[in-house]
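Letters A, B, C, D, E and F mark the chains in the order given here, with residues in each chain numbered from 1 onward.
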Amino acid sequence: MSTIAPPTNPEADPRVQAVFDDIRATRQTDFINNMWRYLAFDPALLEQTWAEVKRVMATPSTLDPLTKELVYITASIINGCSYCVHSHTAAATAKGMTREQHAELLSIIALAAKTNQLATGLQVPVDPAFQKA
Amino acid sequence: MSTIAPPTNPEADPRVQAVFDDIRATRQTDFINNMWRYLAFDPALLEQTWAEVKRVMATPSTLDPLTKELVYITASIINGCSYCVHSHTAAATAKGMTREQHAELLSIIALAAKTNQLATGLQVPVDPAFQKA
Amino acid sequence: MSTIAPPTNPEADPRVQAVFDDIRATRQTDFINNMWRYLAFDPALLEQTWAEVKRVMATPSTLDPLTKELVYITASIINGCSYCVHSHTAAATAKGMTREQHAELLSIIALAAKTNQLATGLQVPVDPAFQKA
Amino acid sequence: MSTIAPPTNPEADPRVQAVFDDIRATRQTDFINNMWRYLAFDPALLEQTWAEVKRVMATPSTLDPLTKELVYITASIINGCSYCVHSHTAAATAKGMTREQHAELLSIIALAAKTNQLATGLQVPVDPAFQKA
Amino acid sequence: MSTIAPPTNPEADPRVQAVFDDIRATRQTDFINNMWRYLAFDPALLEQTWAEVKRVMATPSTLDPLTKELVYITASIINGCSYCVHSHTAAATAKGMTREQHAELLSIIALAAKTNQLATGLQVPVDPAFQKA
Amino acid sequence: MSTIAPPTNPEADPRVQAVFDDIRATRQTDFINNMWRYLAFDPALLEQTWAEVKRVMATPSTLDPLTKELVYITASIINGCSYCVHSHTAAATAKGMTREQHAELLSIIALAAKTNQLATGLQVPVDPAFQKA
């Protein structure tokens, strides 16, 4: 299925092991999903990617954890990343997203796609009131 | 700038006037932004679009109004709709989005774009645990 | 505005002149739109692009000329090419697209964007009946 | 495969049954494709989506049914919705699309993608003649 | 899986056979990948597509063969074409792309996706110094 | 034009000044392009973005500087980021990209867009030979 062969025993590399340990500790689970197992083909890329995911998604901030996942799902759907739609829908569900919220999220994404295309099709000029500089 | 000439006096059409009146009443403002002025070139399209925007975005629901706008901004950025990025950033600001939240939102969208491309580039297979049916 | 400086006197190059002459003859107009004036920065790219546009769009075929332009507008909107949305909306209008057809086209594109996102968000599996091989 | 578990007996819900009945009556077939079976996880979203599909795609209008499907296929390909490419190619075939028309449609989409990228790469400015307002 | 049934014995058609022979000769291999087997459903589309691939990708030019494949992988990832990501990653590997180069390529694509979204989200105006005309 | 008002005197903030100083030193120029002036609205986002751009793009690695810019241009075009197309075309030119290479790059991107759409339209199944795991 994939374009690379992931390492069969990734944690034999101490850099990979350190990242996996941190994922397990941060998420409080033994489950390491495929994204990390495949990124392990290049330990530097794995380290950098996890460091950013941890900083942006797993650190208390001005947006709550569920809202962050809703934004991530939205991006993943529109960017057409099937893997990411799955992993972040699962993450949002784990953080409390209800069926009603899931359906509502999809309604907003669908509406945005619609009005985005209408505005692009008409080439509506930006209102001066919306421009800051 | 646009691909159509919007009506010069759109509210001369009673269908357009009814929609504009409802926009003003729903949003409690006299400002009608260009999206609606241009959609007025086709009253039926205007009516249907506003009805859906009102139902999804302006009706109390399981997601709060600011979260909805954050999702809308995300979709608009990734769909590449300049007009919509402007109008929904303005709407989110009106609903209380702070500078810190704006920067954080952009960080999540940027991170999602990054991991979306990595997963697509590696063609990471979906973990069975993420599949529901 | 552009990333290259187009030639100031493009028809001084006989390869460019030949393409421009063919555009004028094929379209029965003296108007050479910017796309061709800018592509003239590289005569080979200009020749190849025009040859394909002429073959696909200006040769009698199994789809009528207006339908072809409606497909082209659709692609241009979704690919987010502002220039192309403008040029092909103008071309469709020249080939008879009415205001009602324009609005209907936008309705279909908007609906498709919506259901495309819903299917991607839900990751709906393809029905076996739809698969040919 | 999917991000949600579709209801195992969707028509036990009378709202779902009413939509499925209307799909069968409108399309004159007993076949309910997966899109609707999965959307049934949220009856309101199912009702709204079907109502719009029926209004836009199954009501006589200024564009003929096959042209509408060609536009829908185009959008689905560029939006990268695998499910939708399958379902609307099947729908177009059912409405009479020949192999030659299918190949020609793909040629136009491919050409549009090409010229869209060229115009974006060069950032060709829009001709004043194309702008309506 | 596919939307068309590819011909079971494509080389029975002499136009298809001529293209397949040229692919084998140009690439010095007996392997004909699925892209060509499926495009064979329409010999004209097959001929035109191969002619362009051969001209652009298999002719000595100002960019070296590996660089060309890196560009092709980039486009395929962002356009969300799973098939193309696979085929061009394989082609790049055959032309000498190392694991380190593959990881670095993905880092650049990921970074570009990130800064592209940031610039779009902020709607950063183009510096006059970057504009050529 | 933009969705935020950039700071009028960004270097009054020592964090911004440090980044701008590093940009000037790394690029050996006094020119700070708008991307950085606008990102300065949030010093943390500015610092993180520049750190990654510097690491990926301005550090000697397995891909040469011009190849990296060609990849960046490709991503920027397909992601539809007008600002980024401009800035990276300028960067590539500064690193030696000739007019012929620019035209050839655009030819590859245009061809890739074309075959990407064809593969998606046909839903060509991935050859087993291309799959690594």
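In the analysis below, a residue touches a chain if its C-beta (ideal position, glycine included) is under 8 Å from a C-beta of that chain, and two chains touch if they have at least 3 such contacts.
All figures in this text were calculated on a predicted structure; none of them were measured in a lab.
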item	value
Furthest chain, CA centroid comparison against subunit F	D
Identity of the chain that, by mean CA position, is farthest from subunit E	B
Rounded Å distance, subunit C centre to subunit F centre (Cα mean)	27
Whole-Å separation of chain centres (CA-atom averages), subunit D against subunit F	34
Subunit F: positions in contact with at least two other chains	1-4, 41, 45, 49, 78-82, 85-86, 89-90, 100, 105-107, 109-111, 113-118, 120-123, 125, 130-131, 133
Chain contact topology (line, ring, star, complete or other)	complete
Interface residues, subunit E side, partner subunit D - complex	3-4, 41-42, 44-45, 48-49, 79-81, 133
Subunit C to subunit D touching residues, read off their complex	1-4, 31, 33-35, 38-39, 41, 45, 49, 52-53, 56-57, 61-63, 67-68, 70-72, 74-76, 78-84, 86-87, 89-90, 98, 100-101, 104-105, 107-109, 111-127, 129-131
For the subunit A and subunit F complex, residues of the former touching the latter	1-6, 130-133
Subunit A contact footprint on subunit C (complex, rising order)	73, 77-78, 80, 82, 85-86, 89, 105-106, 109-111, 113-118, 120-123
Parts of subunit C lying in touch with subunit B, wherever the complex brings them together	80, 85-86, 89-90, 99-100, 102-103, 106-107, 110, 125
